[in-house]
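Right after this note come the structures.
Heads up, the next two complexes both have subunit A, just with different partners, subunit B and then subunit C.
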Partner chain A sequence: MITQWFFTHVDRRGGVAIVLLVALGLLVPLSNLLLPVTSPFHIPTYLVSLIGKYLTYAMLAVALDLVWGFCGILSLGHGAFFALGGYAMGMYLMRQIGPRGVYADPILPDFMVFLNWKDLPWFWHGFDNFWFAALMVVLVPGILAFGFGWLAFRSRVTGVYLSIITQALTYALLLAFFRNDMGFGGNNGLTDFKDILGFNVQAGSTRSALFAATALFLALAVFVSSFIVRSKLGKVLVGVRDAESRMRFLGYRVDRYKLFVWTISAMMAGIAGALYVPQVGIINPSEFEPANSIEAVIWVAVGGRGTIIGPIIGAVLVNFGKTYFTAAFPEIWLFALGALFIVVTLFLPKGILGVYGSWKARNSDHVARKKESAPAAADETLQIPEPQAAE
Partner chain B sequence: MKAQNTLLYLDGVSVSFDGFRAINNLSLVLQAGEMRAIIGPNGAGKTTMMDIITGKTRPDAGDVYFNGDVDLTKYDEAEIALLGIGRKFQKPTVFESHTVEDNLVLALSGPRSAFSTLFHRQSRDEAERIDDILYTIRLSEKRDWLAANLSHGQKQWLEIGMLLAQDPKLLLVDEPVAGMTDAETAETAKLLREIAKTRSVLVVEHDMHFVRELDVKVTCLHEGTVLAEGSLDFVSNDQRVIEVYLGR
Partner chain C sequence: MQFTRLLSALVLMLGILVHAVGSNAQTVDDGTLGLLIQALAGENFDDTTRAVSDLVKSGDPRASSILNALSAGDLYVAKAGKTVFIGKRDGSDYAAIDPITGSKLAPVPRSAAEKIKVNNRLRRDIAAAIGGLTLMSDKADERRSAAEAILKTRDPESIPLLDKAIAAEKDASIKLLMNQAKAAAVLNSGATGEVKIAAIAEVSAGNSRDALGLLTPLAGVEGPVGEAARAAIDSINSKLALWNGIQNIVYGLSLGSVLLLAAIGLAITFGVMGVINMAHGEMVMIGAYTTFVVQQIIRTSAPGLFDYSLLIALPAAFLASGAIGVVIERSVIRFLYGRPLETLLATWGISLVLQQAIRSWFGASNVQVGNPSWMAGSFDLGLLTLTWSRLWIIVFALAVFAILQLLLKKTMLGLRMRAVTQNRRMASSMGIRTPWVDALTFGLGSGIAGIAGVALSQIDNVSPNLGQGYIIDSFMVVVFGGVGNLWGTLVGAMSLGIANKFLEPFAGAVLGKILVLVLIILFIQKRPRGLFALKGRAIEA
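Right after this comes the complex of A and B.
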């Protein structure tokens, strides 16, 4: 029953990805915790956190793919939702420090004492409670995305103009969060975390648990995205991507569909950010950097837009490359990233997964031809039209 | 009220773009169940008139009523589509990365809200309607094809099928036979006459041969206003029509 329900909403590739992610979420922590350090299959804690970080990026990429790949909304500011989710989690972690801070104030985080603040600002209340913080992780990005999208989509801002204002959104938040008066730790952001749900953030077991949670949430994101994309709503979204005004003449309120998927995507990005912060141990305004959001677009493009799974591959590969290059040849990383984007745009417009798809199609086409030397019409049906960039 | 008992009623409609009067004091009345052909030279305002009826363009002046008392100038594209006005564009615009069947699924009349489509499951009735339409537009065999791979004529037909799926009271059809072979043109005329038995149709077309085959009342537009109206023979004998349109 349940498996049948599951497979009506997820295609085979999505199903495989979900199973793999769940397996990864179980096996990596087990290997870290149970295997002796000498075992070749032991995964050291630093690597667990590193892969965990990649997976949160992958989740951001899946969220971005949902709006860009399937609805044609090229967001250059998705990092803002990721960072907001991260800040909500960071605020919870700050409140958990309690009197163990440098200034040992039982209520106020260190930076507030340092700035001579007497009381906790109103918006910090409630963040000592995990469930409240968890709610804010989805609500804050969700409400911001809803308000922003409501204004933008209703006035029919599309294409490159929308991309530019999303970029402006994240830049404005960057400047705002840099200010000490905002009450989010200014330039330094939030760091020096101690506990999450009573467990030491630094401990290997907590790291493993966070990794497992990340893998499971990523699997959930894949499922939710597949569910949306395979529903009739998903078909409407692709229709909006390819011929927006035609959709209106069919009687669809295009702005509401965009708003729906945009808000869902922002919430997903927020959850990714919330999982990111305890694993890297810090959140600061640099997460709002426009360059971060643009990098996320590159992950999606590299992996394959409009494929859900491709962005996960893209995010992990590019970030693995980043980790390697910034350590081995720090001065060429940005050139490598730029070159990668150019190469992918020119030669792999459908990304890694697109290349795999057309290779498979060509292969099965050869088989079909050998079998019955099928007429030309057969390979026509196998063509996958390329989704249009931003309009 | 004059608009009573009419399906579409345009009176004194004007619209200009940057000083250019695309539509100039245009009046046109369509009765329920009527099929009308609109002819006229390029730039006569045929497409702009359709834009006004479907809510894409707001008129500067004049009345536009649907079904007698619905003021179309107060609604947007999606609302007008749901009121029962379907439109086929000059350039066939089908959803190329969807299959033929999914194109019809999207067009099929039914709830249009985001949540109802998210949890939508196709009913047997809907499946039957899609089968019927596929049969009517002769694309049953190609239902799983991507629309991108259809020929030009097949795309035009798919778009007419999408109009049927919308189940509108009024169909606006912009140049349905542009780029079609003679055989396809004849088939399309037959199909439109079939459709016109149960709905009202407004056809814009340049192909006089096709208009003759439709065998309906004709309105000739020129510079955004009605030049002549009547049977095709009457209109094509009008001296001014010959001068601005047919004679050239």
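Right after this comes the complex of A and C.
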């Protein structure tokens, strides 16, 4: 019964993705921890963290696709929510260092001692508790997104205007977090983490556990996205994407739908950021760079916007390319990334999955013509229209 | 710090002068001077101090170079014969110079000489003494510097010297400065009553910020002196507040004109054509690099033209950026009309490619773009100090704005551009080749960005990242001012610049910028189409 419920809310692709992710979340840590180093199937710890990092990016991409692919809101500031979630987690990890810092202050993180601060700022209180921090990971991006969206969607700021002010939002946060007196470590950010929930963050087993958690959360994000998209609310969102004014005239409160999905997406991005920080070991203001947010957009575009698993494929592929190119041909990476932006928008408006889809459609068309009388395949319970190229 | 540097420069100049011209203004003969110098090598600091004041009293112009050497620790005394000389370390010897005649002496081994020690108090005395010495110089510049020096040290002992100098002074502006210096010294001395009140009046007429520093200690004094000081402080404060406001406005206009330059090209591509050009900043950067290339060519082939390099760079940058703009429009953007978000992404990709291309070509670090002589330096306007480059950029930004307005309103191209913007199909029906107009409009916007780059190369670091710093600001200006309206861009840029400068004193530069961004975000909620919004159905298209 549970499986039935599950599959009414998730399409086949999403289901496959969730199963694969759960399997990945189990197999990779097991291979890292149990198999001997000599085994060809052993995955070294650095690779576990690297793939874990890609998966957090993938989660950011899924969150972004939820608003862009299904609701037509192109956010150029999703990196801000990601980074805020990361900072919330980073603050927890900083508090866990305790007296093991360079200055050995039992309460104050090193950078505060360095700045000659005597007391913990008020907004740092409570972050020694993991569950409080976990709540903040969701709440801080959520509240910011809610406030921002409430203002923006109610006054019908749409299209490129919205994109530009989301970019201004992340830019303003970038400038703010660079300041030392903000109390978030300024330029250097938060780093030098020791423990998470009492386990050493550097240890292989902790890394594997973090990887498993990331894979599971990503599976959850896929499920939540699918659930939203396939619900009645999802239909309204797609309607808003394709013809906002018409939806409004039909009597839908467009701003509320947008606000809902926008806030959910920001929270998802926050969780992705929180999972990102312990795996890379640092969070600093450069995560707020507008360029990062735009890069996340291209992951979605490469994979295929308006599909659930496209963003995951896009994020992993582009970041794998980035890792490879920046190491092997650092000169070429920006050319490659720039060309990717241009090629994808000009020639692959539906991304890799779109290309696959149209290839499959042509194939089945071919097959159908051969069989003549075969009934139209309706294996998917609900057809979700692909996003149109036009806004 | 600045004072000592000024002083040593001055003294050096004087020393050279004395040695070169020969001592035509000697007040004592060489023998007496020799004795005075010998006394500098006293047993202890007190002896030296006395010797310094004796030397100053002699009023001999050669004294200043000797004193300066003493202050710098370059005055040595030979162990044998106790002769004093100015020495510079040269291997195991000292290269020696006779302090009296300035001629070269035989090198002295380092073991045979001893440095005349000075302490900080002595250095201060020497600095003040040198100031006094040059008050009577026959060079106007030196007298001015000496008076300025006393204005800073406010040494009461220099009052008699100043009196003498004021009586002899013919240059009115230097005389004024000397009077100021004297008043400052009087305020610093033990004088009372009328003398001090007169000095207060004198001081408060001069440089307000210095005067404030002089008068503040007196404000707490009882009686008429204190009252006069308090009244003077009040009037100076209100004057300063006024000038502070003026300064904020002028600096704001200067910042605003930088924003205007960066945004005005965008106002064409985004405002008129509706194309989101994220590569706009890179067009600015290409303009700046064109300036660099033009200057390199001028440096190697025609150094005499350097002052005109910016004028030559202007058309070059316009053509370079404009040509790249046309290429971008023809090869990418024309396929994306009506899809603004895709345009945004594609042009972002273009910006990455352009940045990396420049980085591969010119290197990742800053390149050096020189200022022509008419851009360098600064001038005073009341209590403000303005650099010429800032002023020229304000003028230049307004000129670009005016030319662009004329172009759009008075030329055939402008007419066609406006026609295509307002009703593409109708314009096409009337025989306007809309694709060409699109390409030219985009080229124009990019070219304007290029000439903005020429101007910005004068005040900013020219690096491959130059454009990224301006792109968000430029979009803010255009969106704030209202899309499709050049006047809106002008007003938007200037008001953002001024708002930034007024917020800075309260919030600091970075926080001020953040506040401005937040204010714009809030403002867009209120007026989603900017200050000067286009009305009617066109906006929904």
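The definition used in the following text is that the second predicted complex is superposed on the first by the 373 of 391 C-alpha atoms of A that agree within 3 Å, B and C clash if a C-alpha of one lies under 4 Å from a C-alpha of the other, contacts with A are read in each partner's own complex, and residues count from 1 in each chain.
Here, contacts are C-beta pairs under 8 Å (C-beta built on N, C-alpha and C of every residue); 3 or more make two chains touch, one makes a residue touch a chain.
Values in this document were obtained by computation on a predicted structure and should not be read as measured data.
On the superposed subunit A, the positions of subunit B and subunit C stay apart, so the two partners fit side by side. When both complexes are overlaid on chain A, the residue A:172 reaches subunit C alone and has no touch with subunit B.
Of the two partner chains placed by superposition, only subunit C is touched by A:346; subunit B is not. Vertex at the C-alpha centre of subunit A, arms toward the centres of subunit B and subunit C: the angle is 100 degrees, rounded to a multiple of 10. By the touch criterion stated above, A:238 is placed in contact with subunit B alone, subunit C being left untouched. Set side by side, subunit B and subunit C differ in how many residues of subunit A they touch, and the one touching more is C. Once chain A of one complex is fitted onto chain A of the other, the partner contacts of A:256 are limited to subunit B, with no touch recorded for subunit C. By the document's definition of touching, of the two partners only subunit B reaches A:248; subunit C does not. Legend: residue contacts after superposition of the two complexes on their common chain; A:117 is shown touching neither subunit B nor subunit C.
Closest contact between subunit B and subunit C, by C-alpha atoms in the overlaid model: 7 Å.
Shared interface residues of subunit A (contacting subunit B in one complex, subunit C in the other): none.
Residues 228, 231-233, 235-236, 238-239, 242-243, 245-254, 256-257, 260, 380-381, 383-385, 387 of subunit A are the ones touching subunit B in the complex. Subunit B contributes residues 54, 56, 76-79, 81-82, 86-87, 89, 93, 95-98, 102, 105-107, 112-114, 117-120, 144-146, 148-149, 162, 166 to its touches with subunit A in the complex.
Only residues 276, 278, 332, 335-336, 338-346, 348-357, 359-360, 468, 472, 475-476, 479, 510-511, 513-514, 517-518, 520-522, 524-526, 528 of subunit C touch subunit A when the two sit together in their complex.
For subunit A in complex with subunit C, the touching residues are 74, 76, 148, 151-152, 154-157, 159-161, 163-165, 167-169, 171-172, 175-176, 178-179, 290-291, 294, 297-298, 301, 331, 334-335, 337-342, 344-346, 349, 389-391.
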